[in-house]
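Both of the next two complexes hold chain A, though its partner changes from chain B to chain C.
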Partner chain A sequence: MISEYLTEKEHPAGPLQRLDPRAKIIGLISFTVVVVSTPARAIWVFAVYAAVVTFLIGLSRLRVGYVLRRALVVVPFVIVVAIFLPFFGRSGSGGYSLGISHMSAGGLLVLWNVGAKAILGVLSMILLASTTPFPDMLAGFRRLRVPQVFVLVVSFMYRYSFVFAEELRRMQRAVAARNFRGRWLWNVPILGRVLGSLFLRSYSRGERIYVAMISRGYEGTIGLSSPAVFGWSEALFLGLLIAVAVAVRVVASV
Partner chain B sequence: MALQGLSFSIQRGESVAIIGPNGAGKSTLLLHLNGILRGEGPIRIFGLPLEERTLREIRRKVGVVFQDPDDQLFLTSVAQDVAFGPSNMGLSKPEIEERVREALAAVGMSGFQDRSTHLLSFGEKKRVATATVLAMWPDILVLDEPTSNLDPKARRQLINILANLPVTKIIVTHDLPVAYEMCNRAIILSKGRIAADGPIEEVLTDQDLLEANDLELPYGFAIPPAGIPGWSGTSRTRSLSRDAEDELTEHVAGLNHLVGDPRL
Partner chain C sequence: MHIPDGFVDLPTAAVAGAASLGAVALSVRKSTRELNERTIPLLGVTAAFVFAAQMLNFPVAGGTSGHFLGAVMVAALMGPWAAVIVLTSVVVVQALVMADGGITALGANVFNMAVIGGMVGYLMLVGLKRLLPKTPTGYFFSVAIASWLSVVFASAACSVELALSGTVPLRVSLAAMASVHMVIGIGEALITSAVVAAVLSTRPDLVKTYDLPTGVLANRKARALGCRGRVWGWVLAALAITLALAVFVSPFASSSPDGLEKVAAEKGFAQAAPQPGWSLSPISGYVVPGMGGAGAATAVAGALGTVSLFALVLFVGRAIGRRSRGISSPRPGEP
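Right after this comes the complex of A and B.
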C-alpha cells in the first residue's frame, strides 16, 4: 500500500500534467470545498460535479482501473458511517423518520451526503496527485506560502518513509532468519524491542541527516525550485473549474 | 572519547587515505574536519582556526561526502538535492542550475535530474551524493568510503572521476587498492590513534604494520615496484583500458569548470 504511493508513477502526458502545480492545488482544493459545502439534497448538482471530475480524469488520460483502485480508500470510511447510521438517523432532526423502519430516510441522506462527498473529494485529490510529481507539488505548496516547516515535514516523510519501511523489512527478515515466529503472547516483548530499535535507528538517522545538511551549509531555509510559471492555461483551468463549481453550487441553494 | 591525541597536517593538493579497521574512529575524525564535532585541540583549515566565526567559510571549503548516501540525499528529487548546497551559498538561480548540471555530468548522472532520490540504486545514490558536494566546488573533498557497495564499473568510474579532481582529497576507505590508486599518502588510524603516517607505497608494503592494524591487501594485489616504464609515479590511473580512458577524458572535460581555484 505505502509502496504504491512511493513508486514513481508513470505520468502519462496530458494538459493537466503540464499545468503549474499551484493552479492544480488551488483549483482542486477549492473544488473539493465547494463540493463539501453543497446541500446533500441537490442530487443533480453532484451529478454535475461527478461529470467535471470524470472529464478531468479523462483529459489527463489516467487509467480507470488505477483511479478506482486508489479511490477504494474511502470504502472503510463509508462503512463506518453506515454502521453508525441507525443512531444518527433516529436522534437527528432530519424529520424523515419512518417510525418503525430501522433506517430512516434522514439516515440515508446522511449516508449519501458522506459517501458522495468523500468519493468526489478523494477523486479530486487522486487527480492532483497523479498529475503532479511529488517534488513539484511540494514546490507548489512552498510557492503558495505554506510555511516551510510544514512543507519540509511532508517532504521528509515522503523521502524517508521508504527508507524506514525498508529498514523495518530488513529487521523483520533478520528476526525471522533466526527462527523467530511472533505467534505467542510471550513473543510480544521481542516485537516491542524491534519497534524500539526502529525508533532509535530513525532517531540517529535523523541526527546523521541533520549533520549532512549543516555540512552543506544549511542555515534554516531550503529553496525548492521548480520551473513552473502561472500563465494563460493555468488561469483558464482555475477560472473554469471554480466558476462551474460555484455556479452550480449557487443554483443548488436557491 | 573515540579519538585521542591526533595531530597531522595536510598540504594543499595532497591526496590522503585514512585507513583503519571498523570502529577505529575514521568517521568520527571526518566529523571534526568541518566542525560538526569539536575536540580539545585546535584545528586549522587553510590557516583558518576552526571556531564559530569561521564555520560557514570552512563548511564551504570542506565538502564532506558521508558514508551512507541516504543520509546525504534528503530531498525528493535529484536536482533539488544537488542544488541544496549551492543555494545555501547564496548563488543565483542560473548559477545553481549550471552547477547542478556540471556536478551531475561529472559523476556520470546527467539525465537523472528529475528522478526521485529514494528510487535510485545504491551506487547511483552514492554518485549523486558525491555530486551534491562537488556542486559546492570545495577546496578539500572528504569522502567516507566512496567505493563501498559499488559494482566494479561504477567503482572504476568513481575512482577515475575522483583521481582527476584537482582538489585536496581526504579519503576514508577499506578498499586499499583504491587508496593506492587515488592517494599519495596514507594515515592508519587504529583505536582512535594514528598508527602510521607516510607515503602510501611505504605504508601499504609494510606487511607487519598492516597486520598489526587488522588490515590486509586483497589476495593477488601487489604494489608494483617503482621505476617500471608505464607505471609512472605521478599519474595513478595506470591500468585503464581503452574505453575507460575515453570515459576519463570525458569526465575530465566535464570537470574543468569544477576547478574553482587555479592555485590547486
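Right after this comes the complex of A and C.
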C-alpha cells in the first residue's frame, strides 16, 4: 500500500543522488515537457530519449525490477486508449484489420504516441523520486520559490501519511476480522464509516501534535536544514540533459 | 483519472494548467486570512487523510472497484479554498512521488480533481442546499448529490481533455467515462455522506457548510441519515438523473460534428475513413432507425444507451465477481 510507495526508497549512492534537488527537478521536468512536445512520427527520437533515461537510471544504480514495477501505473491507461482505437475514424494506408474492426495507421500512431510518452514521463518521475529523498525535494521546491503554503501543507501531509496509512490498515484488518467482505456497492457505507472515524482520529491527532509543536517553539515555518550548492556538476547535468533533449527535438521537427 | 504524460498534448495541458493555476492562486489568496500557523498543519493532516483514503478502493460490483476522491468531502468540511489547496497538494505528491499522473498533465489533473471537485463541487453543494428543504435530510441529499456530480463532471472533463488532444474520440469516450463514473460516483456519494455524518455527530464545529442547529437530537438524526446509506435508492436516483439528462438534453445537443470530426473533415481524410465497427451498432449516430421525429428518436437512443451501459457495468462486475468468489478469501490488509 501507501507505505510501500513512500518507504521503498532506494538510495544507493550515485552521482545523481548527490546532485542538488533543484537541478534534478528542473532538468527532469523540462525533459518530460520536451518529450511530450515531440511529434510522434519521429520514432528514432524516442529511441534517443529512452537511451538518455536508461543511461540516467543506470547511472543512479536503481534496480531494474523496482523501476519497471513502478512504471506499471501507466499500463491501464494505454489499454483504455487501445480499446478506443477502433472507434477512431482515422484512416490512411496501412494498419491492420481484424473482422469488423480496423486499426488504421493513424490510430496506431496515436497509441504509439501515448504509450511512448507515458512511459518516458513515468520513468523520469521515478528517476526523480528515487534519487531524491522527499524532504530534500521539498527543500528544492522551496528554494525554487514555490509558495510556502504548499511546501508546508505537503510537508505535513508527507509526515502524517505513513501514520494514517498504518491506521487505515489496522482498521481494515479490524473490519475484516469482523467478517466484512467488501464486494459490492452496497457494502460501501461500512467503508464510509471506517473513513469517517479515520478522519476524526486523524484530525484530533493533528490537533494534539499541533499543541505539542507549539509547546516546542513552532512558529509557523520550518527551517531549511542543509545548505544547498548549485555548483558545476549541477550546471553540467542540467545543461547536458536539456541540450540533448532540445537538440534531438529540433532535428526531429526539421 | 490520473492522466499520464503524453495523453494530453501541450496546448491542452497549457490551457488546463493556466486555469488550475488561476484557481489555486485565488484559493491561496482567499484563504490567506484563515491560513495561519494553526490551520496549515490541519490542512496538511486533511491532505494526508485524503491521500490515505484514496488508496482505499471501494467495491463497485464483484471484483471491480473505484477509489474515493474526497474533494466534496473537504469542501463540505472546510470550504472551497481549503479543498482546492488540499486536493492540489495530494495530486502533486501523487505525480512526484508515486509517478501517478504525468507531470505535464499535472494542470489537467489538478483541474479535474481539485478545481472541479473542490470549487464546482462546493458551488453545487451550496446551491442544492438552498433548493432543498432546510433539514438534515436536505443537507445530506445536497452533500451526496454534489459529490456524485463532482465525480461525473471530473470524468467528463477528463474525456474532453483527452479528446481535445486527439487521444480518444470525444463521443465514445465521453459516454463511456461518464457512465462508468455515474456508478462509481454512487460510492463517492455514500462515503462522503458517511464521513460528514460521522464528523457532524462528534465534532459539529468542523463541518463548515452545515448551518442547522446541532443539538444532540439533530446530530443523532443526522448520523442515522448519513450512515444508513440506502444504496438502492442512490442507484435508482443516479439512473433517473442520467435518464433524464439523456432524454431531455441529447435532442438539444449540437448536431454539428464534434471538434475531431470537424478537423477530420477539414483535413479531407473523413471520406477516406472506412466506417469502423461502431456504425454497425443498432443505435449508431444516436438515432434509432424507424422512428419518426429526430428529437424523440435521439432521446430514446440516449435512454437506451444509458440503460444498457449501466447494465453492462453491473453485469461485467457480477461476472468477474462470480469467477473470483470461490477462489480467494480476502487477504489481510484488504477490505
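Basically, the second predicted complex is superposed on the first by the 216 of 254 C-alpha atoms of A that agree within 3 Å, B and C clash if a C-alpha of one lies under 4 Å from a C-alpha of the other, contacts with A are read in each partner's own complex, and residues count from 1 in each chain.
What we mean here is this: contacts are C-beta pairs under 8 Å (C-beta built on N, C-alpha and C of every residue); 3 or more make two chains touch, one makes a residue touch a chain.
Only a predicted model underlies this, so the values are computations on that prediction, with no experimental measurement involved.
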{"item": "First, second, both or neither for A:Val81, with chain B first and chain C second", "value": "second"}
{"item": "Which of chain B and chain C A:Ala212 touches, first, second, both or neither", "value": "first"}
{"item": "Which of chain B and chain C A:Phe199 touches, first, second, both or neither", "value": "second"}
{"item": "Per-residue contact with chain A, leading partner among chain C and chain B", "value": "C"}
{"item": "Touched partner set for A:Arg70, first chain B, second chain C, both or neither", "value": "second"}
{"item": "Partner chain(s) touched by A:Pro133 [first = chain B, second = chain C, both, neither]", "value": "first"}
{"item": "Common interface residues of chain A - those touching chain B in one complex and chain C in the other", "value": "6, 134, 155-156, 158-160, 163, 205, 209, 213, 218-219"}
{"item": "Chain B residues touching chain A - in the complex, by the definition given at the top", "value": "31, 34, 36, 56, 59-60, 63-64, 66, 68, 70-72, 74-77, 80, 83-85, 87-89, 93, 96, 114-119, 132-133, 136"}
{"item": "Residues of chain C that touch chain A when the two form their complex", "value": "3-7, 9-10, 13, 28, 35-38, 40-49, 51-53, 55-56, 58-63, 68, 85-86, 88-90, 92-93, 95-100, 102-104, 166-169, 172-173, 183, 186-187, 190-199, 202-203, 206, 227-229, 231-232, 235, 261, 264, 269-270, 272-278, 280, 321, 325, 330, 332-335"}
{"item": "Touching residues (chain side chain A, partner chain C) in the complex", "value": "1-2, 5-6, 29, 32-33, 35-37, 70-71, 73-74, 77, 80-81, 84, 86-92, 99-102, 104, 106, 110, 113-118, 120-122, 124-126, 128-129, 134, 137, 147, 149-150, 152-161, 163-165, 167-169, 172-173, 175-176, 180-189, 191-200, 202-203, 205-207, 209-210, 213, 218-220"}
{"item": "Residues on chain A engaged by chain B in the complex (per definition of touch)", "value": "6-8, 133-135, 138, 155-156, 158-160, 162-163, 205, 208-209, 211-219, 222-225"}
